[in-house]
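For reference, chains read A, B, C, D, E and F in written order, and residue numbers begin at 1 within each chain.
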Amino acid sequence: MLTHFDAAGQAHMVDVSDKPDTRRVAVAEARVEMKPETLAYVLEGTSTKGDVLGVARVAGIMAAKRTPDLIPLCHPLALTRVALELTPQIETASVLIRATVATSGQTGVEMEALTAASVAALTVYDMLKAVEKGMIVTGIRLLHKDGGKSGSYDADKAGDVGR
Amino acid sequence: MLTHFDAAGQAHMVDVSDKPDTRRVAVAEARVEMKPETLAYVLEGTSTKGDVLGVARVAGIMAAKRTPDLIPLCHPLALTRVALELTPQIETASVLIRATVATSGQTGVEMEALTAASVAALTVYDMLKAVEKGMIVTGIRLLHKDGGKSGSYDADKAGDVGR
Amino acid sequence: MLTHFDAAGQAHMVDVSDKPDTRRVAVAEARVEMKPETLAYVLEGTSTKGDVLGVARVAGIMAAKRTPDLIPLCHPLALTRVALELTPQIETASVLIRATVATSGQTGVEMEALTAASVAALTVYDMLKAVEKGMIVTGIRLLHKDGGKSGSYDADKAGDVGR
Amino acid sequence: MLTHFDAAGQAHMVDVSDKPDTRRVAVAEARVEMKPETLAYVLEGTSTKGDVLGVARVAGIMAAKRTPDLIPLCHPLALTRVALELTPQIETASVLIRATVATSGQTGVEMEALTAASVAALTVYDMLKAVEKGMIVTGIRLLHKDGGKSGSYDADKAGDVGR
Amino acid sequence: MLTHFDAAGQAHMVDVSDKPDTRRVAVAEARVEMKPETLAYVLEGTSTKGDVLGVARVAGIMAAKRTPDLIPLCHPLALTRVALELTPQIETASVLIRATVATSGQTGVEMEALTAASVAALTVYDMLKAVEKGMIVTGIRLLHKDGGKSGSYDADKAGDVGR
Amino acid sequence: MLTHFDAAGQAHMVDVSDKPDTRRVAVAEARVEMKPETLAYVLEGTSTKGDVLGVARVAGIMAAKRTPDLIPLCHPLALTRVALELTPQIETASVLIRATVATSGQTGVEMEALTAASVAALTVYDMLKAVEKGMIVTGIRLLHKDGGKSGSYDADKAGDVGR
């Protein structure tokens, strides 16, 4: 059953009024694939030429807070932590982004983590598109979640990920 | 050179004051990969059980308008068109999203199209995550752009996409 | 006494710091009056020609979350439920909108319910204005509230509604 | 035909790229009906006890600017004028709100005027709800529009308003 | 140590998940310096010619609620009180602004109070700039905070204010 | 005369519909005064320990775009340039912020430049407040504007700045 629709098939923001506040964490990932020459700008940038990853990190943190404005059926939540790691990977010619979001609330923060990672990835794209328009953002997925009635989830152990 | 940084390596919103207003279009794509069982909900949903794609389409259109709030160095623009196509693909067990954005302005709308496609994809994820947390958003990329000094871009013909 | 002004007559966001968190619900209503020919588009739309009510429902849900951005003295709240029912009524040639909002917080959610209903009504207007500009949004009112020190309110039983 | 849906019945933000920029104006109205005792607070308030109408006016002006964030298929526009008149009417025990919005753009500003009037009305409700929860916002309608290909519209002369 | 950066020097929204909810208050101040002739408009305005301070007060209250959208590493919080005092001071030819913000949450509201005072000051500037562009906003500072592990702070007693 | 009020003293967003689009620039300044020990963190930060100025720069750029959401009577504008310089000054133990904003529109961008400088200053405060709560933001003023009917303004030459 899709909980975001009622019995008549109409979208709603699910009632979580009776759920207790629990500590919840979610970790999500995204990857920006690019040419090695493009990645070179990122690597230089973190030193002196323009901090692509620093700007993208701020964008991702701010986007986590905008999640309920973007995802229609997402509950507004008082986030208690947002952190992003952006790692340039020479071997895969990509930037790997990992976003961690926490709250103490009545619903999970999966969408906040996914939104943070996605917007950070789009910001990386924006800052580098002058040198390569063909970059691809890929692998946006939930790595881990904890807390709430449905318990933990780990992408690596999940039976529901077959790809 | 990364135009989003000045000579000292500091991020700025590039000066486009002297660019003429021209008609600009951008088309971007995203894909949400899921299990066939999950896609079945989407297929049913468009009939009676809850319109996943309809909600995601609205979210994508609204997100296009929020792009300058999300992408730090993006210029605010008066968009003249936003359209999203969301196509469930049984053979690949995925939803393919295509966003088209137009403006008559001084900068391109690539980021608006990419943001629209990405947020629509995240919304699909949100609405289906109760049945599958392992879905992956993938292949977010610019398919086509037109207008402006740098001219047209087509992903299929582009020398800069080697992956 | 108008609680939204202090003793000197200056607007302020009332201090609710000492109020306990309680479960609160509010239900509000709005109606969009139109010609029968216009309503016909809504009725068709829910099948194949364009889902007016589906788009308006999403707009109403998202607007509930924007209430503190719109209503100056409204407290920001973590909403725990937002649901909208939009019912086309052939006999009155109108769309009746009912919004239910819940929270577990220190103030009520009347304004959130009223804002959700109003924005859904305006969205119905927007989508149909190409065929009829003379539609009227009317009857925006609080039907019911529950929770908080002031207790329950029911429009039907209320002594303070004399119209 | 509903222009906000494409041939397949899918919502989109209509393409106005080829429309010329023209001067456009729209005037909309809303009314907040209340008890005479409640209106008395408004009348006093404009002198020393708390300026209900002043706060509502600011809320309406700011809401006009948020219209594209609220109404999903509304184009973002550079508004060139927003003005609100709020008139307490003793004979009808109500506050009458009239919003005028102008732009020089490719689409009309009907929704901006309607949104400004509606949010001002909701703000009046918010500030007075401590003394009367049974107030009703009514008569939200377009009074006049000018500019654009579809030309002028006047509620009083319109054949399409039969109520 | 700057808590807004992790051990690797990367900005993050600090983890406050394990902090208890406590009642927190912050008071901040700003001053808009102007010519006596300009202040005369403010003094008149509060009577009949246009309520500069009333508009600025509403702007400050609304800005407090937007703080997490503006200050990148600020936690979103459910504010329980926002109040602004704006005092025209003839002897210093300035408007003094004092903002008080309260919450019951896991982090303090210093930034909310500072943002409210700053935006109110900028709004005063905006409304008067037609008569004097040379106004200066000055003295934006935290006067007082209370609550949370770090305890109280009073600007007057603080060892860390040497100016 | 205060243009932000009409003849009856009511706030409005001034009608600029008949003004031509012209190229407009505004430069504004703000200063964050702190102890030398606090400034030391900023100076280190730009190298390896946490880039205070980089985060504040992004916050200022994004705030310029939010100006019409914050300043009630400010017109929404399509900004064509936003740049911020943040300079740590050892001799005055302060960070000096200079914001430059440009547009090609019907009204000036003074408020956008002032808002960008102010929010960047508040962000500097936020990131350093763990080490010094007594910092003061001061000297927020318009340095220069160009374009529009009222012509140029230079703070240094202005007769209206006597302080």
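One rule holds in what follows: a contact is a pair of C-beta atoms (placed from the backbone, for glycine too) under 8 Å apart; a residue touches a chain by one contact, two chains touch by 3 or more.
Keep in mind that what you see is a predicted model, and the values were worked out from it rather than measured.
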| item | value |
| --- | --- |
| Interchain contact steps from chain C to chain F (minimum; 1 if touching) | 2 |
| Comparison of B-F and D-E (more C-beta pairs in contact) | B-F |
| Over-half contact-pair match to A-B, picked out of the listed pairs D-F, E-F or A-E | E-F |
| Numbering shared by both copies at the chain E-chain A contact, with half separating same from different | different |
| Far-end chain from chain A, centres as C-alpha averages | D |
| Centre distance in Å when chain A and chain D are each reduced to the mean of their C-alpha atoms | 37 |
| Chain A and chain F: spacing of chain centres that average the CA atoms, whole Å | 31 |
| Chain E residues counted as touching two or more neighbouring chains | 10-11, 51, 54-55, 58-59, 62, 66, 69, 72-73, 77-78 |
| Graph class of chain-chain contacts, one of line, ring, star, complete, other | other |
| Touching pairs among all chains present in the structure | A-B, A-C, A-E, A-F, B-C, B-D, B-F, C-D, C-E, D-E, D-F, E-F |
| Partner chain A, residues of chain C touching it in the complex | 23, 54, 57-58, 61-62, 64-66, 77-85, 102-104 |
| Parts of chain E lying in touch with chain F, wherever the complex brings them together | 1-5, 9-11, 33, 35, 41, 45, 48-52, 55, 58-59, 62-63, 66, 69-74, 110-111, 114-115, 118-119, 121-123, 125-142, 145, 153, 155, 158, 160-163 |
| Of all residues in chain B, those that touch chain C in their complex | 51, 54-55, 58-59, 62 |
| Residues of chain C touching chain E in the complex | 6, 10-17, 19, 68-69, 72-73, 75-78, 105-106 |
